[in-house]
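Below is one structure. I have some questions about it.
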């Protein structure tokens, strides 16, 4: 049921890298860094989070959704509906 | 030169809250949470980062930019150009 | 092969509504409307375009992708890869 | 009060180009183009609208906002508040 299992180390590595970016932002603020410099790093962290979301969605489509659709029936439709809703949240965030 | 100085505690609190969201994502992955549940929390963290960026941009416009424009001259134009570029990075991220 | 066929009238209606929003923007500019008022309508048109994209992606997942995945094989993988790439373009746009 | 006056022809040209993109989308749908091809053009039109918004915001910052801030007082604050709100709508759209 969890699409990223074969890939879990890489998924955790990416999240730790993003955590590092957020801690870097805290250090910048503690050192009174210039607002625009902070904003540049915020934009970089936002892009990293979006790339992470797309990576996870990839795994989810390739494993969970593909296998549910192969089996067909109401579960397949549920999976596709979930993907649409998750996609809408990503596009709007 | 740093617009968020009077507001530094609140700025740091927001960043620590976002760091907490990223660590929460790591726990979800360690516990093999369902991809769609992880993606929902990624969208929430992305929105929190964007709200943080807008908060910082507010402070920057109200302090740095306003004071530079009052003094006029090339520095005012530099500040406005910086703001435009930072805004473009935010809109595109 | 075209997922929105049963839905084509509604798809065209949505696009004509968005075209109307863009022409409305031209009238605002011709009448020297205030920049912020124009920007508010640009944001509304952007949201309408994104909602349109999500609507189309829905139809595509529910028809093309579902049927390709049911048949399996390399075509199913191609469809899923296409969806991922289209999703990445939407999230980044 | 309208920052894009010196630039009105270029602003209208950009909007007509975007209108052309939306009509191109209608032709694609009328000709039953493949969903993914339509989605690629939707993403291009969305990016064009966002670039247009940033262009307008540029003009607004360089003219309206700069001149209001030079004069100072409550009107300057009103302008900065408007810009923040418009920026938030753009980032979230």
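Letters A, B, C and D name the chains as they come in the text, with residue numbers starting at 1 for each one.
The rule is short, and it goes like this: a contact is a pair of C-beta atoms (placed from the backbone, for glycine too) under 8 Å apart; a residue touches a chain by one contact, two chains touch by 3 or more.
Here the structure is a predicted model, which means the values were calculated and not measured.
K.L.:
Considering only mean CA positions as chain centres, point out the chain farthest from chain A.
P.N.:
Looking at centroid distances, D is the chain farthest away.
K.L.:
Which of these, A-B, B-D or C-D, makes the same contacts as A-C in over half of the contact pairs?
P.N.:
Checking each pair in A-B, B-D or C-D, only one repeats A-C, namely B-D.
K.L.:
Any idea how many Å lie between the Cα centroids of chain B and chain D?
P.N.:
Each chain reduced to its C-alpha mean, chain B and chain D end up 22 Å apart.
K.L.:
Using mean CA coordinates as chain centres, what's the gap between chain A and chain B in Å?
P.N.:
The computed centroid separation for chain A versus chain B comes out at 18 Å.
K.L.:
Averaged over CA atoms, how far is the centre of chain A from the centre of chain D? Could you give it in whole Å?
P.N.:
So the centre of chain A lies 28 Å away from the centre of chain D.
K.L.:
On chain B, where are the residues touching two or more other chains?
P.N.:
Residues 50, 53, 57, 83, 90, 92 of chain B touch two or more partner chains.
K.L.:
Name the graph shape formed by the protein chains and their touching pairs; answer line, ring, star, complete or other.
P.N.:
Ring.
K.L.:
In the complex, go through chain D and note every residue touching chain B.
P.N.:
Counting only chain D, the residues touching chain B are 50, 53-54, 57-58, 61-62, 65-66, 69-70, 72, 76-77, 80, 83-84, 87-88, 90-92.
K.L.:
Looking at the complex, which residues from chain C come into contact with chain D?
P.N.:
Residues of chain C touching chain D: 1-5, 8, 11-12, 15-16, 18-19, 22-23, 25-26, 29-30, 32-36, 38-40, 42-47, 49-50, 52-53, 56-57, 59-60, 64, 82-83, 86, 89-90, 92-93.
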